[in-house]
């Protein structure tokens, strides 16, 4: 009897979710005795909260958001890493209007989900002497690329260098990206799996991680075959030029050892947030990054 | 149910709504002859409807009543009255025959075949033969009031209380229905409230005019002829007299 | 404006709504004596209101009319009529005096001081002295119809068209208003549509009954007495006659 | 002038006077068709003239294309949304009727609950949708509850008003016939309240889809609202418009279906 | 039995019969107060008893705390939202009135536009909010338009119905007095339509806040909707509830203000 679990993604299905889709398509979850239901969120700020409220078993979140959530007392743990490097960027249109971060002073920045922008965007702006209060933050939800392309915001935070860049390019807009890790933000895991701290089952999570690891290996070893498997999941929305380009740019970014734990790196990021007064308590990595 | 002729007399009555601080009716006397029509006239708002509703048992809790009601031949009013109002009060979701038999929904007795046959007969009697299955909305005002009359007859109560039953009808329709009602309700004790002096003169054996505030009732002597009366010089004079005595309250 | 007495005669008229395929009125003849009251009786739906509205110029485009209208003393009907309906048609957002002067909103003439004074006088005349600034909602049905009367008088037109003006009132109020109207409209040519044979008999110098379908009009001879008439044996007989001839259409 | 007169009649009355009903309705159908076509042509030419990118305003042709291309997916998601709406309607209507009945029958309940019910109306239901998701999860339950909640108040008011505004004459008549409280309810109050209930249903049928779609917006993985959201996020505004079109069509058919049923079942309501 | 009878009267009539009105309303105020307190106590004890985490259901005490603590921020954002609502109301009401007038006066316009207007109603306005943002930007304009759009249809219908359902007797009377088309409009149709317009305004005042808040939800940097979104994302559900409470209070005050004004300006509407 397979164990049923619900996994809620961070965004609609895209190449970042390659290992999950491959594991599902190739039956790696089933091998582990798991029956995973993959759900896309309706509101990108909800997945982690639904895990905390025990409405779903697993969700994909961001280390930035996770740190803040845990500090705020949400019962969450990181159970695995999907993408272990920053992907997020502060993205502007490459039309000569904004050449450096400093040009963002007095401009509007669209964000997909509220929460971590003060820590990350604030730090990046501080590195060039602009205060966070000198920009206007607008929560634009799903409409990241379209808001930037239509000029309704001057920059977006939440556009990924492997995806939104390509999306904009395909619509005919060249984007310029400022990377957080190059502007004062310590390196972090972009996408992590989170589970409920009170109710998680270590055994099941271990099995899940094993399936993900196997799928990642398959992708690295067989890029073309895995692409075909990936688009077969939802051909009508996945099989297009955008995903093809994004797939290529994502191949090198999957965490090869999803379950591996680097407590120091998590503590370093918590400390950074705490020092910048983004969080009022400093969560200890060993409390929310258990070794399964 | 054997028919018994009854008479009602009201003696020195007064009526007051509990949430009002003035009586509507005071020192009120009324004698309804057995098996005859009694009409009450009075200006708008003088308390005619209130009196009728009290007699019908519809005002028990929120009015103060004093005065004696003497009944002859029946024990209580409550179970022995049928009620007709200005609006025909046909339930729009029931067809004619179901409306005529409406009272059976509230009695212990099931509608028997003989009852049903009688209902059809009554519908014929009021001139609506063949319309038993029509819905009220398809009928004209006069036809609807005819159905209401048949419903009243179907209830077969010795006392009938009528509150301006014909006042929504045009002159000719009213005239015809007055005749019909006088004929089919001939053996009932009828209390007829009306605004129309001519109607009262045409139909009633006893006539009262409500006057003053709080209102009392003064009785008017009528010619001793059978109803429905034909309008003649005497009635014309009485009508003028009624209007004159009603006008007192209008100044 | 010097007053001119006028008379209207309608000869062999027929009237048909354009979207209907049957005429409402046909072979219709009517003579309205100069400065007198003419009453039209007829069963509901026979076309009384349609005729009146045609005369008032309210039906020009969507009816077919044939027949001659001869006017005496006035050029056109259009500018020489005042209109009174069953509803008082007081604008609820205007007070009594503004309602009385309502017609001035549509004339080139500004409301002068004399006009204003006359309006107050007319309000007094209909028995509402001191109520000039009251809003219609505060008035009873009878008082509202009095204001409508004052408004009609303020228009000061030689012809007055009335569509059941008193039928929403109770018997006594109606009686009083009939008297008042007969008095204040004494010198006008009045066309009175009514359902009430008694009203017609009381007020009119000429009386027509509409009959048949399409309807024609038959004339009834009335006693040559001054209006408002007191109801007597002769009128009582005439009333019965009217009811009988109206009943023909009801079978 | 004649036009002004005929406009004063309500539509239903006007129709009675129309001699040949079919050509008239054909004419108005034609009119609707022509104005719709004009509008679409206008839209298309705006898109072409200003060379608007499709994520700002898709061309009607693209939307139509999507409708054809993705009909199976659109159909699947419509089915989901339709289920949510129907269940929400059933839940909301029965709760509203029950609540109204209770308020009618138990006076203290009414006195204590009515003010709270009215006060609660000031809180926009859709604003608590995110919390509803946390309570009820991503399944169908939260959308059904959402749709039911959003129709609850209008339904309750309509039912309650209908039940307590029974023409007093009807009650008087039945009472003189010896009706008990329950008989009054069954034979007079309830049937007399049906037209009011029907207008409650009409309102409900219009707003329930909004409830379901808002629910899907806040949390769901299927349904037309979800589809619209996804399409929007993927910058496929043409697909979003296609879903929007289907949603509109769904609402309209639901309304006419309800109207038809009501007119069949309560033919006397036009009194 | 007497209870049933008195219930058949509308509230306003009932009040006429109440001899001492003040103690009665004091009593009902007390009742509202008591039921509100009961509800709050119940809520608090549920939170305590089930030890609910505050992101599932915050305790009323926490919400109240937030109200006091963050009153300046709440006030600031309420002010923004209030501005959006007022401007949206002004825009929507004037557009609705204008549109209704045009339909009344220019018959072809009505024949061609009315079906489209009605059809457009099937599209839920809030569903096009995301695109509206792309067209109008994330400033105040998009929220104002959103609020205006959401009230446009009800306002137009109310105005149009009011304007064309002038009692025909009024029109007849004025026409026999020689009124021209424009005079009819000015002296009869418009004043007679005021009560209908007032009910349009009442509806508008209720739904306009929804439009503004939905607009803020889709993208904004200030306003109560933004605050709620922000608080929700930061898991500060207590703050979200505080903002929700303020929003409800804002809507209610707006409604009563409008009602007061309407009753002052159109005292004859109760006819």
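Labels A, B, C, D and E are assigned to the chains in the order they are written; within every chain, residues are numbered from 1.
Simple rule for what comes next: contacts are C-beta pairs under 8 Å (C-beta built on N, C-alpha and C of every residue); 3 or more make two chains touch, one makes a residue touch a chain.
Values in this document were obtained by computation on a predicted structure and should not be read as measured data.
*Asks:* Enumerate, in label order, the chains that touch chain B and chain E alike.
*Replies:* Correct list: C, D.
*Asks:* Can you list every chain in contact with both chain C and chain D?
*Replies:* B, E
*Asks:* Between chain A and chain C, what is the gap in Å from one C-alpha centre to the other?
*Replies:* About 84 Å, centre to centre.
*Asks:* List the centre-to-centre spacing of chain A and chain D in whole Å, with centres computed as mean CA coordinates.
*Replies:* So the centroids are 39 Å from each other.
*Asks:* Where the CA atoms of chain B average out and where those of chain C average out, how many Å apart are those spots?
*Replies:* 34
*Asks:* Centre to centre, by mean C-alpha position, how many angstrom separate chain B and chain D?
*Replies:* 46
*Asks:* Counting only residues that touch at least 2 other chains, which ones in chain C make the list?
*Replies:* 58 - these are the residues of chain C that touch more than one other chain.
*Asks:* Could you list the positions in chain D whose residues touch two or more of the other chains?
*Replies:* Residues 1, 3, 5, 55-56, 130, 134-135, 167, 175, 225, 232, 237 of chain D touch two or more partner chains.
*Asks:* Counting only residues that touch at least 2 other chains, which ones in chain A make the list?
*Replies:* Correct list: 49, 53, 142-143, 146, 150.
*Asks:* If you look only at chain A, which of its residues touch chain E in the complex?
*Replies:* Residues 45, 49, 52-53, 68-69, 72-75, 108, 110, 113-115, 136-143, 146-147, 150, 152-153 of chain A touch chain E in their complex.
*Asks:* Which positions of chain C touch chain E when the two form their complex?
*Replies:* Interface residues on the chain C side: 53, 56-58, 78-79, 81-83, 85, 87, 89, 91-93, 102-103, 105-107, 135-137, 155, 161.
*Asks:* Contact residues on chain E for chain C in the complex?
*Replies:* Going by the criterion above, the answer is residues 167, 169-170, 172-180, 183, 187-188, 191-192, 194, 266-268, 270-271.
*Asks:* Going by the contact rule set out above, which residues of chain D touch chain E in the complex?
*Replies:* For chain D paired with chain E, touching residues are 1, 3-5, 7-8, 28, 31-32, 34-36, 39, 55-57, 107, 111-113, 115-116, 119, 122-124, 126-128, 130-131, 134-135, 164-168, 171, 175, 181, 184, 209-210, 213-214, 225, 228, 232, 237, 240, 244, 247-249, 251-252.
*Asks:* Any idea which chain E residues touch chain A in the complex?
*Replies:* Result: residues 53, 55-56, 130, 133-134, 137-138, 218-221, 226, 229-230, 232-235 of chain E touch chain A.
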